[in-house]
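Just so it is clear, A, B, C and D label the chains in written order, and each chain counts residues from 1 on its own.
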Amino acid sequence: MVEEIGTTDEGDLIINIGPQHPATHGVLHLVITLNGETVRKVEPHLGYIHRSIEKMCESLSYRQFIYSTSRMDYLSSHINNHCCAMTVEKGLQLEVPERAAVIRILMDELTRIASHVLWWGAMAMDIGAFTPFFHAFREREMINDIMEETCGARLTMNYMVPGGVQFDLHPNFHRRVKAFVKQLRNKLPEYDELVTHNAIFKSRTKGVGILSKEDAISYGCSGPTARASGVDCDIRKTYPYEGYEKLQFEQAMSTDGDTYSRYLVRMVEMRQSLSIIEQLIDNIPEGDFQAKTKAVLKLPKGEFYSRVETARGEFGVYIVSEGGTTPYRIKFRSPGFSNLSALDHTVRGQKIGDLVAIMGSFDLVIPDIDR
Amino acid sequence: MTNEEIIAALTERKPELVSETGGEWPNFMVAAAEWPGFAAMLRESEDLWFDYLFCLTCVDWKTHLTMVYHLSSTRYRHNIVVKATLDRSAPEIGTVCNIWRTAEFHEREVFEMFGVHFSDHPDLRNLILPDDWVGYPLRKDYDDPVNMIKM
Amino acid sequence: MFLKDYFNDIAQAVGSLLSGMRRTGYYFTHHKEIITEQYPDNRATLVLPERFRGEVVMPHNGQNEHRCTGCTACELACPNGTIKIVTKFELNAEGKRKKAVDAFVYHLELCTMCNLCIQACPTDAIKMAQSFEHSVYDRSQLTKILNKPESKLQEGVE
Amino acid sequence: MWSFSKLTDLIHAWLYETFSPAWALALEMVMVGVAAIGLFAMLGLVLVIMERKVSAYMQIRLGPNRVGPKGMLQSLADTLKLLVKEGMTPNGVDRVLFNLAPLVAMIAAMLLLAPIAFAKDFQIWDLNIGVLYITAISSLNVIAILMAGWSSNNKYSLLGAMRSGAQIVSYELSAGLSILTIVVLSGSLQISDIVTSQSNGWWIFKGHIPAIIAFVIFLIAATAETNRAPFDMAEAESELTGGFHTEYSGMKFALFFLAEYINVFVVCAVGATLFLGGWMPLHIGSLDWFNHAMDYIPSSIWFFGKTFFLIFVMMWFRWTFPRLRIDQLLTLEWKYLLPIGMVNILLVTVIAILKWHF
C-alpha cells in the first residue's frame, strides 16, 4: 500500500519523490519519510515501466529475444545484448570468432564510456550544476555517431547476435574511434576542473552516503557502487569472459564507500576503458565477424547462466531450456535492482539533498530495475 | 574451491544432500523447510563463505515451483546453485533476507510474480505490480488479457 | 595552526571554484566550440549513415517489380508481429498456380528496427531505409503496405 | 556636461508652472511609477534573454535563436505565452495568501528601485538613509517566499520556503556588514553622497584589501539573498522540483520570476554603487586628462555597464557551480563569511579613523 499522504505518528513528513521528479531520471517512485531535512526512511515503489520482458522472452526465439534486452538498461544495451548472446553461445557450445570477440569488447567499452559520460553529466546536474550535462553530451554524441555508423542505431543497437555480431565494422570505425579517444583524453581534465576538483562538489559528496564493504556485499551491490566500498567485483577481472583476461587494465577501486569515491571509481573506469580501446583498436584480428549458425537455434535441455559487467554492475542472464526453440524460463539479474535495495540503508540519516546525490552516484536506470 | 571440492565439503556436512553436476556450477536440491538453516551454514562456514547472493528466482514447472538461488563467494570466487522444490498450490519457503539482505527485494519480486510465500519476510508485499493485482504473471498458466502482439 | 588550516581551506576552495569559472568562461568566449545542430534547418545537408535503420522498405525496380516471393521468413523472424504477409495464388507463364505476395503489411508502430527480418529474407526483397521522420497524426497511417499496387515479382527470383 | 538632471528639471518646472503643486506632485508620481514599471518590464526581458544566452554559450550551445534577430525577442514571446495562460489557483491552497504572494514579491522588488541612482542626478528619491532603506526592504522578499510556500499547501513548497527563510535571514548579516564597510568609509548612508565620495576613485580601489574582501562577501551574500544558484535552496529543482513556486503557473509564476530578476538587478546595482562608484566614471586620483576622457562616457552607461557586469558574474556563478546543501550553506555563512566580515569591518574602521584610505 502506498501510505496515505501526510505525516507519520511521530510527526515526520512523508513525501513522494517521483514517479515524475527531476532527480529520479525516470519513473522511479520513492516514498520518503522526512524529519525536517533529514531522511528517516526511503521506500521505493517500482513498476511504472515494468514490461515483464522475462515473460515476453518466453515466447521469443533465441535470436529474437536479444533485442528486447536493449530496452532494459538502455545505456549499456550492447553489454546486455552481449550477455544474452554469450548465454546462447554457452548453450550451443559455439565458438565466437576472434574478430567478433574483439569487436564485442570494443563496443562494450565504448558503451561503458558513453554510459559513464552521461552519468557524469546527470550526477553533476543532480547536485545542481547544469553545464557539465551539456559538455557530457558532446562526447557521448561522438560515440553515438560511431555506433550509428557501424550498428545502424544510436541507442538500442541489437548488434550482438549468437555467434558474433550482425555486421562487420564500418570502414570509418577505426578512424572515428581514434578521434574519439583523443578527444575524451583531452576533455577528461576539463571534467575534473568543472566537477571533480570543485570545492562545492567535494563538500556535497565527501563522507556522504557511506556504504560499508559488508553491506555492499550483503545487499548484492555490484559495479562501481560496490567497488567504491572496496569489493573487488569487476566481472571482467574476477570471471573474465570474451578475452578480457588478455587485456591490461586495472579494476577501479576505492575503500571509502562514500558518494565521492563512487564518483571517482567511475571516472577512473572511463580512463581504463579508454586504455582497453587503445589496446585493441590497432589489433583487430582479421577473420569472420560471425560464426556459422543454423537458421533455427535450439538450446539443449539444461540451465545456462552467464554474467557480464555492465556500466552499472553485474548483469546476468539465466536461461532454463527444455530443448525447444524458445527459452522455458529466462531471468535477467539486473544490477540496478540490487543496487536500489541498498538505497534505503545508505540514505537514512542524511539530508534530502544528499538523497539526490546518493541516487545520482548509484547511477540508477529505471527500466533496468523494473525490467 | 573447485566444484568437486564444494560437493565433497557439502555432502560431508549433509550426506542426504542431492547434488547435480553437468552445469557450470554445482547444483544442490534442498528441502524447503531446511533452506534457511542450510543458507545460514553456507554463509557462515569459513571455508565456504557464500556471502554474495547474485541471483534469486523461481521457475514454474507446471507441476511444481523451483526456487533457484545463485550464490557466490567474494573471498574464494566459487559459485553454487541451490534449488528448492515448492508445492504449486501453496508455495512457502523461509526467507533468507536476514542472511543476504538483497534477498528482500528479490523475494518480494518472486512473491508477486509467482505467489511464493516467504515466511518471516519483514515486508512481503507487491513491489513492482500494483497493490490490487490479481494473478501471478510469470507462472506458465497466466494469460495476459491485453496482449499487444496477439491483438 | 588552526588559523592556517582555516585559511588554507578557503584558498583551496576559492582556487577550485575559479578554475571551474575559467573553464566556463573559456567556452563563453569561444563560440567555435558550439555543437548545436540546427535540425530542421540542416535537413538538406543531413547525411545519415547507410546502415542506419529507420524503417523497412521494399525496393521496386523501374518495371514496378519487387523481389518478394511471399515466403514469410521475415514474418517468422519478427519478434513483435510487425510484418503480416497476405498471399494469393497466381498463374505463372506455364499456367501453374504459384504463391505470390498480395500485400506486405508492415506495422511501423510495432517495429523496433532490430534488423532480423532483413537478415532472414532469402531474396533481399526488403531493406532498411534511412528515413526517420515518422511522426503522423493518426496511428493507422503507420500501418503500411510495402509492395506497390500492381507490382510483380521480378523475373528469376525464386 | 549634459545630464539627465536638465531633462528632469525641465519637466519639474513645467509641471509646477502648469498645475497646482498637489497635482504636479501627483503627476510626477504617476510618471515615475510608469517609468518604473516600464523599466521593470524591460529589465525582465533583457535579463531573461541575457541569462539564456550566457548559459547557452557556457554550455556550448546556441540558446534561443528563432524568435527575432538572433532570438532576441524570445523572452517577449515567453512573456506573451505566460500572459495568456490560465492563472490557476489549485484546490486546497490558501487562496488569499496564494494570490497575494507574487504581488508582495513584486512590490518588494519595486520599492527597492527608489533610492538607486541610475545616472548623474537621476534618482527617484535620494533619501538620506538610502542604504538602510535598501537593506530593510530587501528583507521583505522573504515574506513573499514564505507566504507562497505556506499557502501552496504543498510539502515541496513548504520545504523550499523554510530553507529560503533560514537562508535569507542569515545572509542578510553578511550583506549588511559588507555594506557597512562602505558606509564607514564614506561616512554617509545617502546614495548620492556615497557616489560623490568616489569621484577620485572607486571604493574597491581606495579601500585597500578590506574593501575587496567586503566586495567578495557582498557578492556571495547577494547571490544567496536572491536565491540564485549555487544558493538556490528555495528552488533546488533536483530536490524540491520547484521549491516555493511549485504550484504557481502563468502570470503568477511570471511575477515571481520577474521579481527574482529585478532583485538580481537591484543587488547588483547596489553593489555597483557602493563598491564600483555607481554612475561615477573611472577616475584615478588627480590624473586630470584621464579623468576628463572618462567623463565623456555618459554616466548612465557607466552605471548600467557596472551593474550588468556584476549580473554577468552572478550568472557565471550560476552556470558553473553545483548547489550547496542547506546545512553547508549555513555553515558557510556562520563559520566563514560572518567572522571574516566582522574582522573586516574592524579593519575598515581603523582605516577610516586613521584616514589610511586614499
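We take it that a residue touches a chain if its C-beta (ideal position, glycine included) is under 8 Å from a C-beta of that chain, and two chains touch if they have at least 3 such contacts.
In this text the structure is predicted, and so the values were computed from the model without any measurement.
In terms of C-beta pairs in contact, A-B outnumbers the other of A-B and A-C. Placing every chain at the mean of its C-alpha atoms, the farthest one from chain C is found to be D.
Comparing chain C-alpha centroids with the centroid of the full set of protein C-alpha atoms picks out A as the closest. Separating the centre of chain A from that of chain C, both taken as means of CA atoms, is a distance of 24 Å. For this pair, chain B with chain C, the centres built from the Cα atoms lie 41 Å apart. Chain D has its Cα centroid 51 Å from the Cα centroid of chain C. Multi-chain contact residues of chain A (touching two or more other chains) are listed as 131, 138, 194-195, 198, 200. Along chain C, residues 17, 20, 23-24, 35 each make contact with two or more other chains. Residue positions of chain B in touch with at least two other chains are not found. Across the interface of their complex, chain D is touched by residues 10, 17, 20-21, 23-25, 27-28, 31, 33-36, 38 of chain C. Within the complex formed with chain A, the chain B residues making contact are 22-25, 27, 51-55, 57, 59-60, 68, 70, 74, 77, 81, 100-102, 104-106, 109, 125, 127-131, 137-138, 144. Across the complex, chain B is touched by residues 1-2, 44-47, 50, 52, 54-55, 90, 215, 217-222, 231-233, 238-239, 302-305, 307, 314, 316, 318, 320, 328-329, 331, 333, 337-338, 340-342, 345, 370 of chain A. The residues of chain A lying in touch with chain C in their complex are 60-61, 63-65, 67-68, 131, 138, 141, 148-153, 156, 158, 166-167, 170, 190, 193-195, 197-200, 202.
If you check the complex, the residues on chain C that touch chain A are 12-14, 16-17, 19-20, 22-24, 35, 48-49, 51-53, 77-79, 112-116, 119, 128.
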